[in-house]
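Here the structure comes first, spelled out in structure tokens, and everything after it is commentary.
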Amino acid sequence: MFFGKVIGTIWATRKNPALEKLKMLLVQPVDSSRASTGAPIIAVDTVGAGSGETVCYVTAREATIPLPDSFAPVDAAIIGIVDRIDPEVIETM
Amino acid sequence: MFFGKVIGTIWATRKNPALEKLKMLLVQPVDSSRASTGAPIIAVDTVGAGSGETVCYVTAREATIPLPDSFAPVDAAIIGIVDRIDPEVIETM
Amino acid sequence: MFFGKVIGTIWATRKNPALEKLKMLLVQPVDSSRASTGAPIIAVDTVGAGSGETVCYVTAREATIPLPDSFAPVDAAIIGIVDRIDPEVIETM
Amino acid sequence: MFFGKVIGTIWATRKNPALEKLKMLLVQPVDSSRASTGAPIIAVDTVGAGSGETVCYVTAREATIPLPDSFAPVDAAIIGIVDRIDPEVIETM
Amino acid sequence: MFFGKVIGTIWATRKNPALEKLKMLLVQPVDSSRASTGAPIIAVDTVGAGSGETVCYVTAREATIPLPDSFAPVDAAIIGIVDRIDPEVIETM
């Protein structure tokens, strides 16, 4: 999974029917210090992410797993809101 | 998903039979400001995209999901026409 | 899909049995102007591509779709010979 | 598989339910000399990796294979702790 | 598929059980002239590759196809030993 920051919303009227009820957000990939890395991507929201929040997202085939319709042509999905990153602190599971 | 701009059509007479009825477009990957990023790719059109339009496309296995024949050897498909990108504006679903 | 130019043949005596009857070609990735982009890859031929021809190829799991044995460990396959690239000309399907 | 070094823990309260019981670690990709290569990623731990350990991890769809729930939206998983790398020494299996 | 050169062995005592009987090799990606390209990766051997040999390997989900247990969390596998690369010479299949 990768870190990203939600920076916008995408509007597309003409689209694949499986995308009708999905919210497509513009996500800026960031590193663990929240610094931008590379160009923004489009990810489907599955956790109610808001503008400016740091999220983690999955890519490729895994991105369809959290969707209501797992045959949607989607290759990036937000799967969590990041509360905190603890460097070098590993808790026992 | 990624942003792209339709910049051409690909013609291939000799090809895999599963590609016979698919329209292959030349797509220039762009960022959310419509600036080019990297080399053009070939994507199958599934929404009737026209020259110069900003589209979003999926890659890898997801690209076959919107096709009539999901066993076509296709790894990039246009799945929506982008109307508008709203930076920092997140609507409730 | 990506553009490539066929630039050679790969010979491998010791190999996975599923590769026995497949022709492995050396393919130079190129952009839509036929300029080289990155290092050559190895792709399985499924359309009878010849030396110097511009082809389009798929990668990852899709690469096994056009093969006789879809469980062959193959991650790149040539699926068409490119006749022509028309910049900015989009035909109705 | 790739080499990485465990450098932290990720906390996310709001997340996909399939991630509830998984430990998400911050992993710095490294090369075989343990030098950093690229930005840290988020990987699910499946072997009890500790802070500072060199691990190997898989990406993409394979990352769900070692999980209790293989439909979890996960695209990177730690699958081993690296004890030693022997350059140029190949043992018979 | 990609070219690589076997440059070492990886030892990991604590690992996913599905990896128990697999030999993990350190592989330096190379181009068709055997020049190094990028950082070494870890690939499972399926053909008995030896130190210094030029091999071809597959990545992602295809990497599990040649394994005894196709649910092993493996994303790179050596599938052939390269004997010869003939530039510009294409044989009829």
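All chains are identified by letter, namely A, B, C, D and E, in their written order; residue positions are counted from 1 within each chain.
One rule holds for everything that comes next: a contact is a pair of C-beta atoms (placed from the backbone, for glycine too) under 8 Å apart; a residue touches a chain by one contact, two chains touch by 3 or more.
This one's a predicted model, so the numbers in the text were calculated from it and none came from an experiment.
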Chain-contact steps, minimal, separating subunit D from subunit C = 2
Contact distance in steps, from subunit D to subunit E | 1
For the sequence-identical pair subunit B and subunit C, what is the superposition rotation angle on Cα atoms, to the nearest 5 degrees?
-> 70
When the C-alpha atoms of subunit B and subunit D are each averaged to a single point, how far apart are the two points in Å?
-> 32
Indicate the whole-number Å distance between the mean C-alpha point of subunit A and the mean C-alpha point of subunit D.
-> 20
Shared interface positions of subunit E, touching two or more other chains = 48, 60-61, 63
In ring order, starting from subunit D and passing to subunit E next, we get D, E, C, B, A
Tell me, which parts of subunit A touch subunit B in their complex?
-> 6-16, 18-19, 21, 23-26, 39-43, 45, 48-52, 60-61, 63-64, 71-76
Under the touch definition given earlier, write down the residues of subunit A that touch subunit D in their complex.
-> 1-3, 31-32, 37, 46-48, 56, 58-63, 65-66, 77, 79-91, 93
